[in-house]
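Remarks on the structure that follows.
When the chains are written out, they are named A, B, C and D in that same order, and each has its own residue count from 1.
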């Protein structure tokens, strides 16, 4: 039984970790921390967990109790894992960070996008980017895993087959992405209110979003060179879900894109290439650790359109974190992650 | 392994049965029927099921293949189970009917509310009303189970402790109930359109709703006499969920209602009496086979207010059906039903 | 042209006042105040107002500029109008308060429910409760108007015909009310987030809500004596709308309730008694200053069910405030308020 | 007073015409037709219209009564206006068609996309495409107006300044468009159900949508040559609203795009170029006849991103139809269309 700690468990990725781990046969949450809710039982804060975790309460973060865990998940705002990860790693605890702290390999780039100095640049060399479809082998032996962001997961999985095969012009990539509101977290912000985000749709951060450098880094790895990516995120009136609509120029009109995608993901348990002509719905992955993808070439032109959907809280955060844990501990990658999506 | 058949699996209770049974260790769906979708794979119709049931396709209803199942669920409009249940029972197959066909013990009353003659009155004596919190023992040995309706489940579970204890005036009961739109099913009706049911709320069927006689029948059993119930259902802009707000007159102001409710449901795995002062949210049971209840006595008066929430597709339909199956086959009642609700 | 001031215009009742007054031929907004947004143009904060009010900006509250207005609306949290109304009244400016500050005639009762001393008890004798369907004559000559709350508007309009006619037992009244989320205002509270209030429904404040004494005060006036009211508000996943489902015991089963309601509201421009058997939808009043009502007697019993819907931001707040202004200034009561509701 | 007829008034564009015309000082609806609802009063079908149009009822389409109108709006599925427009035009009645029947100038292209022969190719030469921002002069003297589709309105208004100025590469245009569900109309289709379209998002018709040739036709006119457009529509969980996110390659990085857009639309009453850096929300135009646009050049590259929002039922249909009527009859273009959008 893997002894699990969670730092910062009061947000949506925290409660989602608890939901998923409640169904995991080989993991047990021993510690969950929150400064603001210390002493509160998780089932009192999240009534969906009543009947599960009835004894588990939030505690003040404490190195001793966290260091006694086999693995600690950080479900925190950026900056927190920087401060605590080193000590835990030194204690032999593995760290799976759901925040952005270790996603960018370049500390200076991180500092530019997050507006503060990187707090643990010395740990970067050992940080593994936790996208199993790319880095499964490195994950197996990792000590510190950076779980990819939600937009980056859907967008990379959608672009990778084209880029790895050298088929798309890497300088003209567009990702038009649509997210549910839970991507903004549980913080009490006016823009996330029901009456502000409901019955409306808007683009945001067109000038530049923090997930842009993360996606670009992953795409550069795939092409082995520079990429030109335009990334436009949109806020849409649903709770969960990301829909990435990806545009790439593929000059070779003869290539069988459907076969390419099916082949690339043939052995991936959590990537589903849908039949040709499909339009994946975000609800088809609601609550499930799956990315569903469809690839189109409208009117037979040179512009290829890829549609990729995930649940931002599952494959885009907590589910992918559990998937990483399973790989890390040599378990069946699907443990605790095999429930179908909930529809309707 | 229990061999399961499903008649009429294209609606929401059908796909929800499939979702729940995918997580059940001891049951396997062998047959699923639909006249209109015959030949279509369930995962093509419901993409959330891709990766599960990849070989299962809808077939035309057929007595031989259904009769070879250990149990057959009817997820059909009313009238269908009347026509088919007898033959299956004769073949030794157990029948769990999610429709209204066998819920009312009185065939004439059924005919008045459903506007057609009862099609199988001879089967009524052996039909067991599948509310485990009331009829668990009869369910164990049943051959034919009528799964309670969604409103009736929440409303009966909310009223029963008061009525069984003889505390409430049975002639002055009010159930003000709010349902999500999935209660209206997957039929293409104008009133269920996103642009008709969204961003709006309305009462309906105030004159008389078909669940009224079902609820009254259950409450009569609890009090051992007649009851006077006013039932007002409302359509609300959410997909899943029922919230029953119940009003009863309890003259004895000294009785400890919280203790009464906790005691009544102490051993029930799927009824959660929340702490005094709670306000259960429907989302706290989304996707889960749970009824959460809170009991209030505002301003210390003689009017008691009970709040009861369920997911209409789970404890109000398919989950309760699986719970009945578990009891019927002597399994742990919680098998396949232990996942927490999904929040947010 | 009436010169209008608005105090505290950054919330939903403020922007709704601006929307309605933009269509008013005889009123002009001269001043709008907000401490936090001072200097910001209203059209920059509320882009729906671009092309209207392009020069109007929030200013710090200032007695001189407000006192130069013919009328000042308070769209503020409780307590603010207490502090400022006296000075404005002394300057000859009329005050229309959308907050709760002057709704209760009894300062002690106000203090109990709002948890602080009443800040202007000396003004209470001149405060007129701005429900035109009850107090139209007093409103004509008022200096200080307390605009009714949202729940109280729908609930009183629904109950009044029964109570004024002495038909209902005043000791056994129930108001089961459902509100959209905008009733909670634009404050950044976790409970009002899209991911908290969406796809869910819950009762709240069952123990006692601040609108209870306001409703009771109005009903007492109608019956000329004490009333017993149980009021249960619910938060529902829509932006605008209140649906009051009202229960009253009417022993006389021969009375023609439909005629009673139609007669009571025959000359009211903003109360619509729907045909017998109707179920009003909240969307049928979205954006409009109308209360639609239907009256039912299910199964011919002694329990009468009244359904009353309003838009909480219009007839439940800003629209009713403008209606009061029209009466106060001797205008056609319907000026600026005649647009149909927006459906879908 | 303009005497107005409406053919096919039971859908969403029909009820929206009625809502807008109720506020129009110089127009009066004399006839409204529907075969299926003949004899039903419009206010009985659409309760938001109670108190307006209380005498107006649907009638069977009849050339005499329609031909007695000054103008007839067609709010019908495609094909209907083909059959009736000629006769009305011969009677001297002007025709404003909200359907697709006269939008494409090429009858063969129409036939290919709509799967049936064009029913009135002889009328095409006199049909004017009713986008006032392009064709205002022709509209003034038109007899037959084809009101643009919803996606085409937002997409053309967003692209036109770039294309008319010859700045963008016309062969590499992308329109990633998001629509509310009301765009699918009031027909009872499974895909438009609350439980199907709610809490989900999907692309559709990626292979080719009927609005593609209409948009292309408009863009060709702007550039005076061929264009290459990829158009991907998405269904999003809101009732009203279209958000077009447009991508164009603009090699000249020195051009002041903000000034270009402001200049192009300086005198347009219903196009609002927002300040640089803005992200228009669809709710900022809900119920209003406005298109709001923002233009971005992320990271200073050669890819320009234009954001354009409209209410699909107003500027994308019925509002634009009224705007055309105003121009046609020499009225102030803004009559009946000046109410601010409703927010929240």
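One rule holds for everything that comes next: contacts are C-beta pairs under 8 Å (C-beta built on N, C-alpha and C of every residue); 3 or more make two chains touch, one makes a residue touch a chain.
Treat the numbers as computed from the prediction; the structure is a model and nothing was measured.
Student: Using mean Cα positions as chain centres, tell me which chain lies farthest from chain D.
Tutor: B
Student: If you tally contacting C-beta pairs, which comes out ahead, A-B or A-D? Let me know.
Tutor: Between the two chain pairs, A-D has more contacting C-beta pairs.
Student: Could you state the distance in Å from the CA-based centre of chain A to that of chain B?
Tutor: Here chain A and chain B have centroids separated by 36 Å.
Student: Using CA atom averages as chain centres, what separation in Å is found between chain A and chain D?
Tutor: Using C-alpha averages as centres, the distance is 39 Å.
Student: At least two other chains touched by the same residue of chain B: list those residues.
Tutor: Answer for chain B, listing residues that touch two or more other chains: 12, 182, 195-196, 198-199, 237, 239-240, 280-281, 283, 286, 344.
Student: Quick check on the complex: what are the chain C residues that touch chain D?
Tutor: Touch residues, chain C against chain D: 12, 15, 18-19, 22-23, 46-52, 182, 199, 239-240, 272, 274, 280-281, 283-288, 290, 292, 338-344.
Student: Once bound in the complex, which stretches of chain C touch chain B?
Tutor: 172, 174, 176, 178, 195-196, 198-204, 206-208, 228, 230-232, 234, 236-241, 243, 245, 247, 277, 279-283, 286, 296, 298-299, 301, 303, 305, 307, 309, 344
Student: State the interface residues of chain D toward chain B in the complex, per the touch definition above.
Tutor: 12, 181-182, 186, 188-190, 192-199, 237, 239
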